[in-house]
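Alright, structures below, take your time with them.
Next, two complexes with subunit A in common: one pairs it with subunit B, the other with subunit C.
After this line comes the complex of A and B, so read on.
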């Protein structure tokens, strides 16, 4: 039963190889390769081992990009993640310094992040008229402010019990950091959920036409709340790995993340697909 | 009875009116704790310290109205301000008026460049301006050549901001002039109305014969010109030029606009709203130290107040809608 356009559900044109090669993601792969070759060309120090040594820090930031892609697909944004990372790292360091088992520290970091994300989500779903950008701008100031109060006049805290953090900042074979594997696992989960599940496809529905999605039975506000909360949790995870790299936290922890994640995710916005691994490593 | 209703309607009728209430309540609360807040001197200081944000909020208003965003403005400001500082330091140009012209000209060029990338290159505004944010800030550092211009290097230029007319610094009067100018332009000129047209419905505007790309280009150029002006102004106000000056202030500018009821998706917002939004931020910043809040806690309180203001705004808006509906049923 072809309509006027000659397209039916069973008759969707196949994606050609050429189209796949010319899409935004493959362009990024090319860019990634190009940047690596360029890096090799201008500096003899640009070697795999050096890149891997500096990598954990940037890899930790990538945790933020995964849920951010969901948000951007929905047409939302969260600029408070940098502050959430800061607050989460601060509290985790404080808790760790009291000498509790490391697992408690892990849960604290995740819980603080989740609470921050939940707060964003609740405000945004209770007052749907508010633009996410301005709400998260406000919460960003609040979260960083709370971190500043917690840190006191010194403005920084350093770890006294580093055993647990040293364990998670380890490397397989002395080269590839653990965080890389954790990131791969999360990236796969996030990609599959976004591409293959009802929940993931709803993101696209909400982003394309929120009203239409609502009337076709997508629980828009519930999903927004979930994604904002997950965003917070991932910020907590990011804070954990960032702390493992920095051995402490201060008022500027996660400060550049707001913009940096913006660049990464703005590109994702163009393609409406998460693609954390195609990003060139900023070295 | 009817009259009473119309007052209520007037108060809840627009976002601007509800912001005026918020502003009055804020001022009243602060002056209860600290009576010196409402003195002429304190208000003059507050306005002078927030001139930069208030002027740039005007440009941001236009940019947001056409559905764009510009996060490169603080960098444009840094670049132009640093250039002005260096020109003064090495005695290349010493005429204050000429320096202002140079700053505005450079700002316009920067803005036009951004506008070209967005209107002709069809780059998404947030990505384009993010790129230019790094470029202009980088240029500021290059111009500075790891130096900075202090008060002694700025000569008569720094005295410009100290000129007082009727109790207020001349800088404040420049800001007032900008607001009057923009109020007229946005309300009664063709250019102002086309901005609203493009923001409300881009396709409709295009079809009805508006050159949307040109409007975009001009809006970003205006934004750049204002950022340039602010570059020169902030060198004069703070009597120093550093490459990282006003870093990350673009977020404050956007916040001022959005608190003032400017829609992020374009088409809605007014000069009055931008003014009130900027004033709310200014009062908050000025009031926190006055009412004796610990320096460490100031950011938190500021954030909570901003959140409270925007949520209050939504609640009044809802009440208004409900009232309108009830009236219709009667």
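After this line comes the complex of A and C, so read on.
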């Protein structure tokens, strides 16, 4: 149904191999290969077996990266993830030490994480004028504070029943840890949802122009709440696999995750725009 | 000495792929107010940038007071006494007015800023413009109109003899525009020459003695304002005759669609009642700040009303969020295209299907192919000037952006369409097209609420005019009985009475 002028507008996307090869994502692949070659060049210890041995800890941290990418795409941030990991790990370890079945421990870790994320989400969606950076900076202190009170200042808790954790820290063929496969599954889910669903598209809409998204009927606050909660759940998952590696938790668990890992790896992955504060919606 | 203070001959400016200006000429007399008109993309802005030395023309000559000049950059133009004031002032919001005025040419003594002297000078300039604020005020706290005054003061502080005003009234209310007119009059008395760009005919008639028209990068002609009719001017600008700027179709008005009853929101509007019928265009007007936008935003679930009812086809509806209103078929085309209407960095297609992507999706997965087809059809149906649906919305002119907003609405289920200032910043050609679409929608039996401050638009398109003032409906006029005077009287009724009461 062309208009009066009969002007037509092209609607078939141009696809070219050159364009695909030159996009920034393929540059990441190139960078990845380059780093591996470079690493092997400068150190004789840079071997596949060593990398695989150290893998579980880094992979566990990558669970945070996935939902963090969503937050960054929306122009949000969660600084409290490290503290959430600490609190989940602490509670999970203490629950585990009471001798309950391992499945209860798993649910505990996830539930604590989810609760933390939900709290962030509720505060941020109830009081839309508050900037996420400030709120999560505050809740970070709350979460870590609770862990600190539970464990005593600078205290720690070590696992007494390690069977369950040992089971999840197993390796396929003695080489590739289970966590790798769990992570791949989650990475695929998170990537597909972000790229292919209306939910994912809404993330970009919220991040690019929150007002326009709201006026277009995108449930901005609902989606923010969901993503913050999922962020918490994934922090719980991270805590589980991290505990399986460390066999315990202490008040500094997850400390280096505060900004370093979670944020920057997520930024590499997902967001093309810098984080920024937003005008609150007229609610 | 030449008769002209500024004269340009045969200016051609080529950007990669396009001739932005093609053999353009222009003459400005001393102490003259000269309007520069043309549709969006006609080359006005590029031309201004050539004068101010931002762009260098490939061909052509420029004479200042009869002497040939060759600006290497904006600094040269400034030194020659040429200054430009833009529609959206480019200022430093955290600095004071005086600091903004003297930015780049501060008064210094041995390298030390002479704040006292600068503040005094600034106050002098502001007094000259009848400004109602001090030089020490923070720029960010001023209104757009006041910020423009600062820009003009800045131009005067550089001893500019030629001031260029780029769409100065686009962001102003009628009152503020009137004030700007007075400033321009004053500048003219002081023999400052002024070039100004505007889409508003009102500005031109009020101020200019001569008008130059550009179209498609070419010089069309220069006319005496007194000697040219509106129709001829439009023809010069658009290149074709627009027989009827307001193609209001005769429509059989149907049943009542939307009724707003006693709607109130504390601090914004109070006890607002009016209704829209099928096929009817209701013009909602009043001065800026009368609460028009606020009322419809509550109807559409963007804000919440405290009291009152909204009825759709006789049934009370409870709209809590924008999605509710959309599902009911109440579609808002927001006033601010850049902030609330479109995602400027996104492609046109995605913008059009943003509210409806859920409709085409399967199990939450978007159907990109279907969306592309739908958005192509919608964009073509409103005649959007675009090459592909992947062009970013920011690449379009105001008029075409508005068409994208319309296309976005057309893709949704519609009963009542609310258009908030649909022709703000839109050139005359695109305006006519938007009115055409509006008329077509009415013909198809949709109810339309047209919010506008433009009197001709309200009078030309509305079946009924609802006038608001200070958050209240002050009157309702039928198409036959509405006149500019009656509307203005109602729009200012309240404030007048208040003044009398004091």
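Note that the second predicted complex is superposed on the first by the 247 of 283 C-alpha atoms of A that agree within 3 Å, B and C clash if a C-alpha of one lies under 4 Å from a C-alpha of the other, contacts with A are read in each partner's own complex, and residues count from 1 in each chain.
We adopt the following convention: a residue touches a chain if its C-beta (ideal position, glycine included) is under 8 Å from a C-beta of that chain, and two chains touch if they have at least 3 such contacts.
A quick note: this is a predicted structure, and the numbers were derived from the prediction, not measured.
Chemist: Which partner does A:127 reach: the first (subunit B), the second (subunit C), both, or neither?
Modeler: Touch status of A:127: first partner only.
Chemist: Of the two partner chains, subunit B (first) and subunit C (second), which one does A:196 touch, if any: first, second, both, or neither?
Modeler: Once the two structures are laid over each other on A, A:196 reaches subunit C alone.
Chemist: Touching A:44, do we find subunit B (first), subunit C (second), both, or neither?
Modeler: A:44 contacts neither subunit B nor subunit C.
Chemist: Scan A:152 for contacts with subunit B and subunit C and give back first, second, both or neither.
Modeler: first
Chemist: For A:99, is the partner it touches subunit B (first), subunit C (second), both, or none of the two (neither)?
Modeler: neither
Chemist: Once the shared chain is lined up, is A:216 touching subunit B (first), subunit C (second), both, or neither of them?
Modeler: Once the two structures are laid over each other on A, A:216 reaches subunit C alone.
Chemist: Once the complexes are superposed, what residues of subunit A are shared between the subunit B interface and the subunit C interface?
Modeler: Dual-contact residues (subunit A): none.
Chemist: Which of the residues in subunit A come into contact with subunit B in the complex?
Modeler: Residues of subunit A touching subunit B: 79, 123, 127, 129-131, 133-135, 137-146, 148-149, 152-153, 259, 262-263, 266-267, 269-270.
Chemist: Which residues of subunit B touch subunit A once you look at their complex with the stated criterion?
Modeler: 124, 126-127, 130, 133, 251, 254-255, 258-259, 263-265, 296-304, 306-307, 310-311, 314, 317
Chemist: Sort out for me which residues of subunit C touch subunit A in the complex.
Modeler: For this pair, the touching residues of subunit C are 297, 302-304, 321-323, 326, 332, 334, 339-346, 348-350, 354-355, 357-358, 361, 364-366, 372-373, 375-377, 379-390, 408.
Chemist: Once bound in the complex, which stretches of subunit A touch subunit C?
Modeler: Against subunit C, the touching part of subunit A is residues 1-5, 7-13, 196-199, 201, 205, 208-209, 211-219, 282-283.
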